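Reading through the structure tokens given below for one structure.
All chains are identified by letter, namely A, B, C and D, in their written order; residue positions are counted from 1 within each chain.
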Amino acid sequence: MARTAASKAAPPAIDAATAESWRQWLRQMLLIRRFEEKAGEAYSLGKIGGFCHLYIGQEAVAVGSIAALGPQDYLVTSYREHGHALARGLSARACMAELFGKAAGCSGGKGGSMHLFDASLGFLGGHGIVGGHIPLATGLAFASKYRDEDRVAVCWFGEAAVNNGAFHEALNMAALWKLPAIYICENNRYGMGTALERASAIYDISERACSYDMANEVVDGQDVLEVYRATARAVERARTEKHPTLLEIRTYRFMGHSMSDPIHGHYRTREEVEEHRKRDPITVWAKRLADDGVLDDEGVKALDADVITEVEDAYRFADAAPDPAPEALWADVYAPLGGEA
Amino acid sequence: MARTAASKAAPPAIDAATAESWRQWLRQMLLIRRFEEKAGEAYSLGKIGGFCHLYIGQEAVAVGSIAALGPQDYLVTSYREHGHALARGLSARACMAELFGKAAGCSGGKGGSMHLFDASLGFLGGHGIVGGHIPLATGLAFASKYRDEDRVAVCWFGEAAVNNGAFHEALNMAALWKLPAIYICENNRYGMGTALERASAIYDISERACSYDMANEVVDGQDVLEVYRATARAVERARTEKHPTLLEIRTYRFMGHSMSDPIHGHYRTREEVEEHRKRDPITVWAKRLADDGVLDDEGVKALDADVITEVEDAYRFADAAPDPAPEALWADVYAPLGGEA
Amino acid sequence: MAVLTYRDALNQALREEMARDGGVFLMGEEVGVYQGAYKVSRGLLDEFGPMRVVDTPITELGFAGLGVGAAMAGLRPVIEFMTWNFALLAIDQVVNAAAKLRYMSGGQVACPIVFRGPGGAALQLASQHSQAFESWYAHVPGLKVVMPATPADAKGLLKSAIRDEDPIVFIEGEMLYNTKGEVPEGEHLVPIGKADVKRAGTDLTLVCHSKSVQVALKAAEQLAQEGISAEVLDLRTIRPLDVPAILESVARTHRCVVVEEGWAFAGVGAQVVDEIQREIFDELDAPVLRVTGADVPMPYNKHLEKAAKADPPKVIAAAKRVLYLE
Amino acid sequence: MAVLTYRDALNQALREEMARDGGVFLMGEEVGVYQGAYKVSRGLLDEFGPMRVVDTPITELGFAGLGVGAAMAGLRPVIEFMTWNFALLAIDQVVNAAAKLRYMSGGQVACPIVFRGPGGAALQLASQHSQAFESWYAHVPGLKVVMPATPADAKGLLKSAIRDEDPIVFIEGEMLYNTKGEVPEGEHLVPIGKADVKRAGTDLTLVCHSKSVQVALKAAEQLAQEGISAEVLDLRTIRPLDVPAILESVARTHRCVVVEEGWAFAGVGAQVVDEIQREIFDELDAPVLRVTGADVPMPYNKHLEKAAKADPPKVIAAAKRVLYLE
């Protein structure tokens, strides 16, 4: 039941509030872009270790989808989650400090790039096992229904995760029990070096929803407004009908899979990447804002300068911040006092 | 792409060979029925232990589908496999002796009811983890394609197994790589005490094939000829096009899930069972043979007497057969000589 | 005190905790309409309804993960595995999610969940259905592993497990469900992490847990007839292991045999041996011996199966060896 | 002899075995077009083509099971897990299928398959990506567990593993891939089940395997400067464990420290301790000590991670304790 038709509707008259939020979306996308560029730089300098998966090129997905959520909602993501964390409102300082492994990091320096958490914002990680967090979202949605709350549980995962059994089992239960969950597949065409067509027997991920009679949509992931609207429809469906939705959001990864993977080479050509870079979600949105007279070039420059300052500050903060105390090694394995309630 | 239309075609003119094989199908169904009745009796007498899952009511599925296979093909089944073993040609003696845990059993008394094997017949078990053997069939089909052989790999599993991740992962790979595999879902409406509708978000199992763009069919499992024809179409597709198929064969379990489960009670009514018993695959087929003048009542009685003798002989054989030698405990953990080739 | 079966003691614990805390729910295969594959949840669906007693599809990975998510949201899931053999399909969620969440979130996200069901062998279920994995779970920091041997401990430990703030692997025994014993009514809590002397003795210590407690008690009885006084120490919790209790007993008896149902290699007993020889080496008058399941997949044939299991004769033989009586 | 990296030694073993036997194929995530997540399979796709070097979807359970099925048909699959952390999703196929088939079929069905990939921690990969599961697999009869520490052993053991008739869990190390060493050309086979003295010594024995061999060797070097002669015994195979080699060495040195990367509870070292104290109790001049990874999920911060790992200073301290020098 593709709902792309609906999304073709003309944009609403742009009132001041809308204009302001649209500007904020651009700012968030710029913040993510600059944050990721800085993270890449810090990684090369050895200030960030382990695996580091950048979100550059996919900014519109996190910003547009998270803009449609409420403060009470639950979010769970994969290891490629810096963008989602920033879009949800985690500070650049807390995120950068976590990448640096510092005590001031959003996970106390124990999680790192793949495990950003902020429970106070319903941002429940940052998970490293492909597909592993999808059932968690089903469980968060189950809890919402169990308590008859107005919360929606949203998870983001790559197109390669849909072939995994965890996806299949989690979506079947969500549909069977009508849980308020939204499954957002960020189809960036590759799982590491494997193109979608080499891993999945069907190429329209959204059709996997048919196995569960679940609402689904294919969305242009380079257009933040399209992403926002499709997610808003799914949120509405979840809040009112308690029905889950599978969104296939088509986007592209501009960088390598992780810092150790070149941008192009074995599995995709420079030309392919260049082609996709032409639809950079930031320029696409900046143009739209200009066309609609919401923000001109100067305004974009100003926002960019603003986020660059924020990212530089986060970098200095993270660099200067102290490491966790040695005793931190032994903390948080179990609840304090052995966990007896 | 349901092909049920095709299966509506009129039966072929009944030549002698066809008539003979049709009689053999009835004999096999009767053999399975009597074997299972005897196994149930032996279980109550404590001669068979552990879990014992009877196949009564589903005989047409194993007999019809296995009749469409060649001697070179691979078969893997679940723990409800007595019928498949007998239909494949394992002797009633070898099967009964295995249920009794005797050395003469088809698995040397080490497998029992859930793990019947006869590698010489391509009958590769008898597996106890729901869904666990589905990837094995994909692997057997992979081996066939790898060696460019004419073998088809067939597996049988219940409708409850299709919700499991193993099903999803195995079918995606089979379709992606075009492997000669046939996935036969014996939809007997219940997974233990859970009705299909309480476990799956969709009720037409065959539609799960759409997630893999796989050929699929819904088949009447109480009509052995329908099962044979649908399987023959799938075998043809596998041998010539190397395409996999998902068959949903609708049948019904006349007995409890296992010997410890009553025929009706918590999860289904006596009336429901009675209703389904009206389409006993054996009486359905006996009537067809009578209508077509292939076999009359007397003939049926003769076949039945014949299989009863065979089953009684198997029972006496199994009862008298020796247990495995104590040293058997330590054998077959690893290859002899530590397995160095 | 009422005499209950182990099964009913678990049922009582579930009922009491579900009545006490609306956040506690039971989920798994056949726990509801079917009343439980082993009837542990009998009556709970009627009493608490389908939102709190949830029948699942056969998707161990999926519903274990669902439980973890629900626990992250603050509910108190009790996830039943029909048997722990099937939990191998869910082990990624137990080890990579439940056991890691608190740590990798820097202490922000708790995962108060109980994974429970029968472990080990029953009778003639063959190799895929007769495995004991407690040493695997006990290997993993972030998990607690609880294995009651008696009805009273079953009730008291399950109640404590449900109230615990951390993920718990709670392993029962199909062969224990019908065993009977006195069980305190109502608020009966057994602390996690405390072993229990099931029989006092002076000549040697038999360390055991779960089903092997009965094996050890039978052996101790027969040894007593030969004038040998064996102490039977039931670990009850495998992680955290009650090392002080083990050391205290063995330091008194100076001899020890560890009995367990599972395979020997890197089993629970290997860790017990490691602790003893490291901490009270000089107290030992003999090496610590172990009685375990045979190092083979479980055969179906009943005689072979019996030969594969730890039993009183094997424990008695080991006891006599540590006493240098043979 | 050519000096190769551990990575290239594995690559050579795969290439030679695939050339020798057309039934050998490599399957896993990114093994082909991407040339291997850690480049162990570099060049193999070009040389052997897509039917023998197969890129899979991210479905560990599915392709592990596919491999088992292919092995049942007589092929010789080498299934690569990008890391053993992800293999938790496939463990049902390894333990309930591969390890059981021969036994539950009464010896009819062999499963000659190699599951391989890097295990344990690398650098700052955090808790879900830094786990050592060798004691789990070694717990299971029906499996063999092989863990080479050097390039020469990596080649010789992988070739033996591929020719073995039984399912093999072959655990490599991301931190070992770049290490260099002399590797015999061509037909170089190292027998499964044989430990190897990597450094001879007389005062104590350091039992180790995989990455901990380097830790032990460094420690032995520093101990030598203090006049302490440590023997370094590399297990190489965890199951079957080379108990005679362990006993022979410790019976000479009378003192032992077991070093491993993984968690302590029911780890490989616990089994080694059990064997030693049971078989040569009276030869021991001190309890056997263990150096293991800290009993916590692995933290991301590099200082915390370093503190969590077994390292030479910890081994040296343990060595001095068993020598009563501290």
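In the analysis below, a residue touches a chain if its C-beta (ideal position, glycine included) is under 8 Å from a C-beta of that chain, and two chains touch if they have at least 3 such contacts.
None of the values given here were measured: they were computed from a predicted structure.
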item	value
Chain at maximum distance from subunit C, centres defined as averaged CA atoms	A
Contact-richer chain pair (by C-beta pairs counted) among B-D and B-C	B-D
Computed distance of Cα centres, subunit C from subunit A, in Å	41
Subunit A-subunit B separation of Cα centroids, rounded to whole Å	46
Distance from the mean Cα position of subunit C to that of subunit B, given in whole angstrom	37
Per-residue overlap in subunit A, given as positions that touch at least 2 other chains	107, 109-111, 115, 127-129, 163-166, 168-169, 172, 176, 198-200, 333
Set of subunit D residues in contact with two or more other chains	56-57, 59, 61-62, 85, 89, 92, 96, 103-104, 126-128, 141-142, 295-297, 299-300
In the complex, subunit C residues that touch subunit A	25, 51, 56-57, 59, 61-75, 77, 92-93, 96-97, 101-110, 112, 141-142, 144, 160, 163-166, 191-193, 240
Subunit C-facing residues of subunit A, complex	74, 76, 105-111, 115, 117-119, 124-129, 132-147, 153, 165-166, 168-170, 172-173, 176, 331-335, 338-341
Contact set on subunit A toward subunit B in their complex	163-169, 171-172, 175-176, 198-202, 207-208, 210-214
Residue ranges of subunit D touching subunit A (in the complex, touch as defined)	29-30, 33-35, 37, 55-59, 61-62, 85-86, 89, 123-129, 294-297, 299-304, 307-308
Residues of subunit A defined as touching subunit D within the complex	49-51, 101-102, 107, 109-112, 114-115, 127-131, 160-161, 163-166, 191-194, 198-200, 266-267, 323-324, 326, 328-330, 333
